[in-house]
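Labels run A, B, C, D, E and F following the written order; every chain starts at residue 1.
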Amino acid sequence: MDKVVTFGELMLKLSPEGYGRLIQAHQLNVEYSGAEANVAVCLANFGLAVSFVTAVPDNVLGDAAINAMRHYGVEISNIIRKDGRLGIYFSEKGASQRPSKVVYDRGNSAIALATEIDFNWDAIFHDATWFHFTGITPALSDNAATLCLAACKAAKNKGLTISCDLNYRSKLWSREKSNKVMTELCQYVDICIANEADAADVFGIKAEQCDVNNGILNEQSYLSVAQQLQKKFGFKQVAITLRESISASDNNWSAILWDGDNIHTSCKYPIHLVDRIGGGDSFGAGLIYATMAGFDPQHALDFAVAASCLKQTIEGDFNLVTVDEVESLVKGNHSGRISR
Amino acid sequence: MDKVVTFGELMLKLSPEGYGRLIQAHQLNVEYSGAEANVAVCLANFGLAVSFVTAVPDNVLGDAAINAMRHYGVEISNIIRKDGRLGIYFSEKGASQRPSKVVYDRGNSAIALATEIDFNWDAIFHDATWFHFTGITPALSDNAATLCLAACKAAKNKGLTISCDLNYRSKLWSREKSNKVMTELCQYVDICIANEADAADVFGIKAEQCDVNNGILNEQSYLSVAQQLQKKFGFKQVAITLRESISASDNNWSAILWDGDNIHTSCKYPIHLVDRIGGGDSFGAGLIYATMAGFDPQHALDFAVAASCLKQTIEGDFNLVTVDEVESLVKGNHSGRISR
Amino acid sequence: MDKVVTFGELMLKLSPEGYGRLIQAHQLNVEYSGAEANVAVCLANFGLAVSFVTAVPDNVLGDAAINAMRHYGVEISNIIRKDGRLGIYFSEKGASQRPSKVVYDRGNSAIALATEIDFNWDAIFHDATWFHFTGITPALSDNAATLCLAACKAAKNKGLTISCDLNYRSKLWSREKSNKVMTELCQYVDICIANEADAADVFGIKAEQCDVNNGILNEQSYLSVAQQLQKKFGFKQVAITLRESISASDNNWSAILWDGDNIHTSCKYPIHLVDRIGGGDSFGAGLIYATMAGFDPQHALDFAVAASCLKQTIEGDFNLVTVDEVESLVKGNHSGRISR
Amino acid sequence: MDKVVTFGELMLKLSPEGYGRLIQAHQLNVEYSGAEANVAVCLANFGLAVSFVTAVPDNVLGDAAINAMRHYGVEISNIIRKDGRLGIYFSEKGASQRPSKVVYDRGNSAIALATEIDFNWDAIFHDATWFHFTGITPALSDNAATLCLAACKAAKNKGLTISCDLNYRSKLWSREKSNKVMTELCQYVDICIANEADAADVFGIKAEQCDVNNGILNEQSYLSVAQQLQKKFGFKQVAITLRESISASDNNWSAILWDGDNIHTSCKYPIHLVDRIGGGDSFGAGLIYATMAGFDPQHALDFAVAASCLKQTIEGDFNLVTVDEVESLVKGNHSGRISR
Amino acid sequence: MDKVVTFGELMLKLSPEGYGRLIQAHQLNVEYSGAEANVAVCLANFGLAVSFVTAVPDNVLGDAAINAMRHYGVEISNIIRKDGRLGIYFSEKGASQRPSKVVYDRGNSAIALATEIDFNWDAIFHDATWFHFTGITPALSDNAATLCLAACKAAKNKGLTISCDLNYRSKLWSREKSNKVMTELCQYVDICIANEADAADVFGIKAEQCDVNNGILNEQSYLSVAQQLQKKFGFKQVAITLRESISASDNNWSAILWDGDNIHTSCKYPIHLVDRIGGGDSFGAGLIYATMAGFDPQHALDFAVAASCLKQTIEGDFNLVTVDEVESLVKGNHSGRISR
Amino acid sequence: MDKVVTFGELMLKLSPEGYGRLIQAHQLNVEYSGAEANVAVCLANFGLAVSFVTAVPDNVLGDAAINAMRHYGVEISNIIRKDGRLGIYFSEKGASQRPSKVVYDRGNSAIALATEIDFNWDAIFHDATWFHFTGITPALSDNAATLCLAACKAAKNKGLTISCDLNYRSKLWSREKSNKVMTELCQYVDICIANEADAADVFGIKAEQCDVNNGILNEQSYLSVAQQLQKKFGFKQVAITLRESISASDNNWSAILWDGDNIHTSCKYPIHLVDRIGGGDSFGAGLIYATMAGFDPQHALDFAVAASCLKQTIEGDFNLVTVDEVESLVKGNHSGRISR
């Protein structure tokens, strides 16, 4: 069976129950997550072999983080133990006009401190066919950016398909730094994934007639964005998720896929959100799964959008739906009737 | 005071908190419920005398199940203790595009194993005026179907009004089996209750121009369904609930009632769901209560629809609203303002 | 720095988790709140000096109530300990067509039993510039009404600005009693705050062409209400919040402000409610803060409406948002996008 | 079957989870209890018919309190609805050197305000053979004391056995008042139950060479106390529970029974406490059950001590053990081995 | 690395929080466990490769059960999906004189219905060096007993070390049946593990001068039991755990090991129990780990006893301690001082 | 009123509920604590004015940490906001033979990064009479040690009494480093507080014939330790707490006080632990309170030991007992009887 490798940070996520704010919290829910870890779990959950590459400290938090990956079937033999912290992010869920908030406490993490000698990419990619990372990983530290580059080169050498979700995080690096680093990394990327704001943030490619902050998105404009991205880097495919934020409780969700020849557009799901975090990651995972499964581009896009729509109806960063559940939504069963 | 008897299975219901999925659950909420038990609790809650007939095992789960009935005032002297399990159903709540899911683990239950010698229907109906069951009970086992028939005959002999909610469950029996058994039982039924899909599932009587799975219902078509049902079995009344499933979070809810002479239609409530399970049961209970209370058919229908609307704004299978609360909604107070 | 004094009851609030009903509750969440306490917390949270005046019993409940005020920075040196109970209110959250419910158990509270010798208003107002109370305080007891009058007189003597939220509570007193007492107290008030029903309940000043119970409000009519209130009592400003109750889950929220010369209207926020209790209190606090901060009336109104909109997306009676968060909403960021 | 009637207050009990203190509590567990209610539940749990007599307010708290009684099979037709509050008691569990604490908020309860016209004792005792009350009931108010007297007279007239647990509560009345009232009521009592301190508190009959506060009890001295009590009031039986308080975590538990002719002593259980509240009530219930079941005095005492020992290993005020579980402990199975 | 295979049932365990009884439970904690699964988790936790063999249903409960194994590093490729239920056991924790209780609902489980064609033992044992099962597995059904025999034969053929914990369960089979089946299976066993009661229950070999139910154990007598067992079946080693049950809260814990030549005895740990379930399983796992690690018999015994002592201070059936933590206790650090 | 100043780190403490291990945790309880913060809360709780000096980051975690101090009445005007993290410590409670564990994640905290320009000690000590710190503060960083020295000098100049709890933490610094730094700081200290191991760890002054790890302590030997400490640094008083660790569940607790002239010894409390963390801090706070209140040395010691005994029966790091509760225990009420 084909195997996917993802590479990134694995963090402790601490969040209040329900719609509680951090300032009110007497208890915090514990999860272990991260963009690339989420992709790995989604893929394992769909039945693929997937190995997650990271570094965690050699303490009980590192142990628990590894267990969380193992729980859903992610292969963990490429997770190394190293000095440094386990990064933490505190997250509170927004509602209606109140946005979700994230507080990062991820400095000096084991993965940010890792260096090239920590990972043997040739060995890691030995039996793999796909490599996935996101723009968060190189943003962690210069070391991490160097590691990403090494990974991309090794993956390319071995003939793996490389996908990258731009995933711009303003709290981790500036647009300028991001532009510089991602420009180099994107030379190696086959499939580029972005959300409605990433291309502008990282590469300054803006969608015309759109107001991302007010949830006004124009599908046509994003086609142009996709094409510009593809032209600039020679990606085989560019997929862009389009989140229309009506409020923190209700979003519309769709995506487009440009495969170099044709533009594919998905239906638009009006989502009454349970938890939107991990939505983009599950889109990426859906696209990887569908592509590896040989779906045609339209089906692949539809699968990825449906998968990530369902993620947003689930608590936590992981997309714990089955392939059957996704396909049922792809086929149009969106009315939520109980099967019994 | 008049007394109602309901007959069916009493199960342990285990469900994750909030919108958690079963695959994620570290804790499960405990309830004891079942369609006919839910009707009994609703009726007791409205102040009627009601006896629930079932069999549960002679262990602590059986004890707890009985306590749950007693808690809300249901009379439990006709619950027998018997070998066999307490059936369990695992339930997770859907949201938005993700449907609710139910996993049955109800094989070999005490009630499925019960036989005619376990219940003395003449004694059970001694001081009762109404008998209610649903299509779930005969679906449990051939024994249970036989018990239903015996109960219907005894109830008819004693002159009780008999109501039946068709409640088709595809996980319990086939349409063919259901058709055969329910056709015989319906000979004895005075008031037939169904949801938007039951008549088609059980008797093949389909509503024209409707797409149940996509929440497209046509009130006129269901009038015809009701009339066909009434003609086929000679029911005194046929009531059909019409759930328009927009998503797992939002449903429209209304019902029609055909009393042989006139069709009555209710207003349609757009419900932002808290928990839709038990909605149909509380409609049945509302109709029984209203009929026993002597409401005219339109008022009875309005009461039943309002009661079951409110149920769906409450956690758990039981409809813990007062008659005053239902009547307040019937009178049009649906804006949710606090009284203080 | 300027200091605000608020005066009222501090209660123990007990409420089931989520949408649970009181009849189902095995656990109750503990808060300590009250209209004027909520205003105090909001103001302290915005960074103002604020002293809350009340009486609580000298037991652990009184201790805990004081701690809750202190927690968010409210100055508590004017809270006295006295015989009597800590008032309790039980509260359950409504959903969709089911309204929220409040059960009062606040008889014989320490504050209701307090008398004029318990509070030295001159000392309390020593370094204060603003006094705020609501119509709930004089409704607690004749003693409390007398205390309110004494406070108003002392505040007026010292040149404080006095604001009053009419806050009519039918479970505490009749319209007639309210009319009589509030008419006297309002002689001293500079800024009058009311919701869409208060002016009619307390002073019989009704908004034309409105149906409060069905969420049909007419902004024009409320302009007239504001002007009539202002004319009757000589208020410097009259602010009226307009809650359009679509259901217990969804409300539209806006307000108007009449400053004697001009009418100011806010935008209208469609709120998917997390917890609406404390909405009015946070509006009052927003208006006081904005006025003390020297905002112009339109900005002050916008700030107050945005602050109270956000409150309704937060669990609990307190408005735990920062000034920055409110201003961000005032500037139009209402789409709930995560900052990360 | 014989039926027992108990009479007393039914309160809302609010307590923090585990060993949390009230000052720390963000949530409180909800129970409905009271000394005589606890006895009723224990007896119903043992399979006896038992009717609990009280008054509760006509609100949701009263409803929930009644449901709690019904849950465990107590007959509730003699619970009346009346103006007044539902009494509340806040309770925190001690540990080691820290004692448990109770905060009463039970003034103006419906039962304290009830009067003779509220209860028809002849009807209440119609088919009963036993009446039980405790010293808490007459301590609630003068009305309640008068009700107790009326109940005793009616019970005596009808030939019921009357048992009374002295249950002195210093927070409810003085020793002098208690002495006066209990002296009159005890004229009617057949079986007197007391703990190691009650006889001294109520009647000034002290056990020699004992230091109750330091857990030093002398069985011989209590024999004398029992005999003095019996001589003074002509009780048929006097039972005294002997709690040796080593700490709030560990108690020794035993009892003596004087039947007029012979003294009976139980074994002494060293209990690692889960929850000691309700221990005395479950002793009373055990003695009543055993006596009604015709056990000889020694067996009755052993049963009552074992039952109340087990209660103290259970969370909550109710003794949710079966007769079989009690008898197993009576037979010496105290090593806590699992049966599987 | 050496690999262990364990074979048995994987169940859903449902238990109330803390010392709550099942009759009181509104929530149940979810675990997935079973004697042989517990051994597997302990071994994986100690760093060994371990594969767990079982059958679970192809539904979400089966998925979750598998995830629970994977979580702690157990290899799950030999868990098959099959018709049948996931067995359930309800468990409540005892305290002081109240024993823990277990309610089984494990009939018709997938593993009880599995047959020889479901497992290819030669493949399963391909790279394994140790096979472990317990007396629970053959007690599940005749099929399961047949599977055990096939596994033993295959393991013996391949030269694996076979260990068996007698684990008699009276709720699953009679002593007679057990005797017959275990006598056959024990022919293949190298290392026999038993608790203080198993040898008597299964083989009628009683320890003299002991009273298991009252926690009176005689080490010398158990030496004789071990020797008799060894003589009867030719075991290489016999290990017997000795639980002195003082109460459900406090147990003394030790063990002996007879290696055919010498008797080894451990120190005795007085345990203030957190959760005793899984104690025996963690002893077995400790012994297997220590033996595979090449510890001498005394060290192996000490390790196994210390490991299983620590298990009983941990919530849940799994022994989540590290080898270092066990060795620290072996070295005498039992005073529970914090390291910081 | 006299005022105390304490100086140290304020951390986020995250701990699993009950006896759960970190590796198992799905939720963590949130507290904000630290040795000197705990002392501040204890003192405020006893009614003293106390200002806590620290630095926390300017984010929601810093806000929440400050609120936690304010909650219990600690004065927070000397808490500064600064770059850097809020230190975190993860803590799990031991039981029986399993020790409690602490995992520090406190690098790069705001307080560790603070420098002399951040605190104006003369202003901070303006109206104070007592300064308290512990050996943890200088262990945080060289900066922090420098700050401690500056604080000591300023306090000495202003004539404050200075108390220091040695509080050696091997995870923060070596014995050598500790020795060097503490030797300098102790020149300024009036009252030295230590536990049974600190003097040996920091100054190499060992108690003869003691085995701290096995809970064997010799009071006489500690008298000598106290005298050596006093001689070396000229302390006015030396107090040493003596924890005899029987297990993680049971400790004996006592202390000695050497006042230069006389040795005072306390009674020894056998504590069945609820939470031992914060025990030493509450001893220090008790001693400071008692000394400031003018208690004679023996009474001061008894008060401090009783206060810290009670702390260990309370969940969390703060000692939420009243002076009355402590004095009641001092007077010998240790049997845990309920007052009701």
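In this section, contacts are C-beta pairs under 8 Å (C-beta built on N, C-alpha and C of every residue); 3 or more make two chains touch, one makes a residue touch a chain.
This structure is a prediction, so every number in the text was calculated from the model and none was measured.
When the partners of chain D are compared with those of chain F, the chains appearing in both lists are C, E.
The chains that touch chain B as well as chain D are C, E.
Comparing the chain pairs D-E and C-D, the larger number of C-beta pairs in contact belongs to D-E.
The greatest centre-to-centre gap from chain D, using C-alpha centroids, is found for A. Distance between chain centres (mean CA atoms), chain A to chain D: 62 Å. With centres set at the average Cα position, the gap from chain E to chain F is 44 Å. In chain E, the positions touching at least two other chains are 18, 21, 23, 26, 67, 101. Every pair of chains meeting the touch criterion is listed here: A-B, A-C, A-E, A-F, B-C, B-D, B-E, C-D, C-F, D-E, D-F, E-F.
Every residue of chain F that touches chain C in the complex is listed here, in rising order: 67-68, 70-73. Touching chain D in their complex are the following residues of chain C: 14, 21-23, 25-30, 59-61, 63-64, 67, 85-86, 88, 90, 101, 103, 105, 107-108. Of all the residues in chain D, the ones that touch chain F in their complex are 18-21, 23-24, 94-102, 104, 169-171, 212-215, 245-250, 276-277.
Interface residues of chain D, counted against chain E in their complex, comprise 18, 269-274, 306, 309-310, 312-316, 320-321, 325, 329, 332-340.
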